[in-house]
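Given below, in the form of structure tokens, are the structures.
Next come two complexes, and both contain subunit A; in the first it sits with subunit B, in the second with subunit C.
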Partner chain A sequence: MTTQNKKGTRRAFAAAYPSWFYLPAAVIFGILFLFPTFASLFFSLTRWTLFKYSFIGLDNFRQFFSEPFLVWGLINTLIYAVVTSGSKVVLGMLLGILLTSNVMMRGLLRAIVFFPVLVSTIGVGITFTMLMHPTNGLINDVIAVLGVKGPAWLTDPRFALLSVAFVDVWKGVGLATVIYIAGIVSIPAEYYEAAKMDGANALQRFWNVTLPLARPATVTVIILSLIGGLRSFDLIWAMTKGGPGFTTDVVASVIYKQYQAGFYGLSTAGNVVLFVLVAAIVVPLSFFLNRREVEA
Partner chain B sequence: MTTKKLRYYATGILSLAVACVVFVVPFLFIIVNALKDKPEAARLHFTWPTETHLWENLVAVVQARDYMLITAFINSIVLTVVAVTGLVVFGAMVGFVLQRRPSRWSGLINFMVLAGLIMPPAVVPTIWLLQWLGLFKTLSGLILIEIAYSLSFSVLLFRAFIATIPRELDEAAILEGAGPFTLFFRVVLPLLKPVAVTVIVVQSVAIFNDFTNPLYYLPGAKNATVQLTLFNFQSMFNTSYNLLFMNILIITIPPLIMFLFFNRQIVEGMTAGAVKG
Partner chain C sequence: MTYEISRRLLVAAAAGSALALSFATPAFAEVKLTFLVDNAAATVTASEALAAAFHAKNPDISVEVESRPGGGEGDNIVKTRLATGEMTDVFMYNTGSLFHALNPQQNMLDLTDESYQSDIMDTFKSVVSENGRIYGAPFRTTMGGGVLYNKKIYAELGLKVPKTWAEFMQNNAIIKEKTKAAPVIQTFKDTWTSQLFFLGDFYNVLQAVPTFPEDFTANKAKFATTPAAIKGFEHQEEVFKAGFLNEDFGSASYDDGLRMVSTGEGVHYPMLTFAIGNLFETYKENLDDVGFFALPGDDAANNGLTVWVGEGIYGYAQTEHPDEAKKFMAFVASKEGCDVQTKAIGALGPYMTKSCTLPDDVPSPTKDLVSYFAEGAKNAPALEFLSPVKGPALEQITVEIGSGIRSPIDGAKLYDEDVRKQALQLDLPGWE
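Right after this comes the complex of A and B.
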């Protein structure tokens, strides 16, 4: 009697967490995300009009790695991701330290730094296109006061990609900062007290306490901003549309351009290149960074 | 003591000044230019308008292209509300069972959640699929897409929060004879309010600001969302910067309201989601 009862209860507990709770999410995710991802592996090997396809083997990929403008997209993606991610780590950490210290109007400062994260990327892109206008823009007006003629930020091929990357950092550094704030706040105060007792100065305390103990925050910021940087499209599209020439084209904008031009197979191949790129960089890196963390 | 105080004020004022120049001036630039008339805004100067044209510019932007901004706002709000509702309910259901009853599927599901966070979606095959399903260029199609792409984030947050709810509570409800439906919707879901608020605010800002997915999956003038409308106004208003800035100003208001009321939840959600991801 009692065993039967127990069995019944156990079954009731198992039944309380039914597998069909997965169903709505699994259907939506499976059909609209997983299925197209697998389909893309196939269609990247075809010449495709959405209605008809012909199998052409690896030709799309061959084209992707031989056409200069497509190769540039690949290189620019890497530059953009590394530059934005690196800047967000450095600036986010500095701002995180400043905004956890005893600084005046700390709450207001945090709010000011964070707010751009929530603003429309297109709006930010358009605004900075105006601010970076070579002759009328506010940025060059300010530089002119110093007696220097500012460059054509977005139309000079030497500066265009870095200018867009700068705006990306401007908009995204607030997120890096709040992640660092959370990381730094969780470091126990005893470590700093002990370091102070040992006579460590501010720089030594930063180097030996803050930097190693805020490591989880650093890992998070690197991984998140690399994923964002490698996939980024909307800011670039709002500011330069990949121009001048192909100097600010990234893989994501190449995918869109090839799609618009009707080269669906090539566009899909670009997509496959992009997720191989993201997976090949992010997965080993997060594995490596997280393992080091455990050892330390 | 005095040098310490001096340093406190010096760093404080310096940081505030730098923050204002770097982060606040671009917003003020938007505001002053949204208030100018056309020739004055064309100069792109950072000056207070000689005459303010708030109402005129507002009306002009709203009326442009047959009240397109109104259509766009309605579309964006429907998109955001429905997609976020789906994300909360479906995400919480997955997070609940995933946390409470580990099984041989758990590893696969966790892998899928991570894949959904990291992998860029395959756009053209998705368009092909949506066409086949009759959902291409429809708001319902885009709603489902937004749910699919953001589910991972939602599941992560809910699972982490559900881990903090004591299991004894479920057991009590089960012994009272509650079925899975009652247990989840009557007992557990109401307790998830804090994390639900976080998911709601973070995801509504993200979906409201989304540009790429509407661009691909909801093209066409009738289907505009606010971000698409702004993007199209960029070429249409390339001589009327005052109206362009007014448009930016209008669509910045909803995130600003969210920020003023839910600053803490947004920051918490973004850092928690990030650290666990």
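Right after this comes the complex of A and C.
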């Protein structure tokens, strides 16, 4: 014991910990993250059946970009990400303001808003698929009471993607709200008092105090929900499987279907493309939003 | 010092438990096989009946049935388990084009020299063979791809089974006019069900262009440029445009389809006849109201059925019990195996084992199906048994055509693209 202690003290002069302390973490990181990343970069350049592979250079990427459904998938991904992210920002902020004010049963309401976040996405997807059934779903039954015939929410190509986006917002807005609550609560009360002294009404206080000072919360919500929207897959798969036909396909579901079909090299190339796409959108956006924050 | 001791103790404890585990396994004398099948109720029932009957005959071997999803998800599971060395001893899988994608020579037990092969029909052997070696044994029956129809409504309206597409459309018009039932049932929630108008029309394609399968495999014939081959797509669009579909065609499921055709909520359901097994399980009391006919083409004199060879069962090449696995497969392929299946899920169609027979009181749709195999009747295998190329996106394309989202010619072009990927993946000559 004593010898070990001595050793430790001597080392402390060079570095706080012996460097092999890093080893367990490095091994886990290497096996679970680095190796698959480089392996997938390699396999994205091959035609791969899981049993054997042949090197084909950039052919997979050429094929991936000439996929007729991929163009649709890209457009849908962007629509989906922007719609869900935008709605979560607006609704999350409104709910955040409501739930930081002195409403009745505030604790209960906060819990209710957050509850959908805790439910399994697949469960939510299946439930809403039932509710949105065109002829015996609850939603259209309710609309029918008003004398209007509801549309086929999930099977009419005009509505399908937006219907899924709606469910995504319903499920995800709780998280955005919690982030906004934290952001709004941390705004010092003095600003509001000062604004009131200057005669600002509620709307002006929101516009000139809450909105700019809750900016870090807005940035977090935008980035989290945009990344979530761009790589969204589980809800879409549970509700429409990309259908009808290819109309609600997003990049992730196109990749998944190629994987299902056994085109392993091609789907790996798709994953590389998705990685680059998310990085290309989110990194500059995050840089831009955070820089503005510092200037402000 | 304490540090040293505790580590030694740990190692000893770990080694001890590992030893205990390794001694525990061979203590059971009985060999246990696992048998992976798809999770359709009829498949599971038949497989469990086979496992029980086999165990009764061979008390030292027990078979455990494990189920997996069907369709694309199931393909994925089978491929992944083969690639990771986690496959069960015996597994069920498609024959024909999908079979070739599993790399049989590397992954499956060679069954060429099994004694029962002389009792198996050549049609079956040809779709589970690669380079002259046989890898599969027949499981379940041959199927037809055509139309399940409600005979009660046919009788009420005095309709006749159509022999041409025009007669079929005429019947639909009469049904729409005189009843509340949907003339044609489509169930796009289960996307695979949308392919039948197209795949089931292949008998008619083959009559018009007999060389299509070879030319198609060699990249010389395309769907988009072969008018006879896209008739299936056009038919699908026609029934949609005429308003013959059930109102909820986009969200109805396969089970809904079976309910509709057996209870008369709908009249025509384009389907594979393995559905008779599910009807037998769930709608037994209505089973005799259901009949079956082949998808009609243009020529009444040349009406025939597109046939799907039944599934195969395969032994995993790296199984620890190859002899027991082969024994089980021999049992499934025997007359005894056929009889166990017939008893469990009813008689669904002709078996691929020559000595197997069907009972006299087969359900009504099976009777219709069997008539297409009688002397002088006409049938031809589906394209997937004549060519290894089948595009994976077909079911999405047929959903789009069947819902009026995409035109038939557009769909055919898209499918030709899709097929190219599969051909490249299989490394077929003539494609690049």
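Basically, the second predicted complex is superposed on the first by the 273 of 296 C-alpha atoms of A that agree within 3 Å, B and C clash if a C-alpha of one lies under 4 Å from a C-alpha of the other, contacts with A are read in each partner's own complex, and residues count from 1 in each chain.
In the analysis below, contacts are C-beta pairs under 8 Å (C-beta built on N, C-alpha and C of every residue); 3 or more make two chains touch, one makes a residue touch a chain.
Source: prediction; values computed, not measured.
Of the two partner chains placed by superposition, only subunit B is touched by A:182; subunit C is not.
Judged by the touch definition given at the top, the superposed model places A:86 against neither subunit B nor subunit C. Looking at the shared chain after the overlay, A:268 reaches subunit B, while subunit C stays out of its contact range. Look at A:98: by the touch rule set out above, it reaches subunit B but stays clear of subunit C. Once the two complexes are laid over each other on the shared chain, residue contacts for A:243 go to subunit C alone; subunit B is not touched. Put simply, more of the residues of subunit A are touched by B, taking subunit B and subunit C as the two choices. Once the two complexes are overlaid on the shared chain, A:216 sits against subunit B while remaining clear of subunit C. In the superposed pair of complexes, A:50 makes contact with subunit B and with subunit C alike. Look at A:151: by the touch rule set out above, it reaches neither subunit B nor subunit C. Touch criterion met: A:40 reaches subunit B, while subunit C stays clear of it.
Shared contact residues of subunit A, touching subunit B in one structure and subunit C in the other: 50, 133, 136, 259. Across the complex, subunit A is touched by residues 1-3, 72-73, 75-76, 79-80, 82-83, 101, 103, 106-107, 188, 191, 247-251, 392-393, 396-397, 399-400, 403, 405-406, 414, 417, 421-422, 424-425, 427 of subunit C.
Residue ranges of subunit A in contact with subunit B, taken from their complex: 9, 12-19, 21-22, 24-25, 28-29, 31-37, 39-40, 43, 48, 50, 98, 102-105, 108-109, 111-124, 126-128, 130-131, 133, 136-138, 141, 170, 175, 178-179, 181-182, 216-217, 220, 223-224, 227, 231, 233-234, 237-238, 252, 255-256, 259, 264, 267-268, 271-272, 274-275, 278-279, 282-283. Residues of subunit A that touch subunit C in their complex: 1, 4, 47, 49-52, 54, 63, 68-69, 129, 133-136, 152, 154-157, 241-247, 257, 259-263, 266.
Subunit B makes touch with subunit A in their complex at residues 8-9, 11-13, 15-16, 19-20, 22-26, 29-30, 33, 43-46, 86, 89-91, 93-94, 96-97, 100-101, 103, 105, 109, 112, 116-129, 131, 144-145, 147-149, 151, 155, 170-171, 174-175, 178-180, 183-184, 205, 209, 211-212, 215-216, 226-227, 230-231, 234, 241, 244-245, 248, 251-252, 255-256, 258-259, 263, 266-267, 270-271, 274-275, 277.
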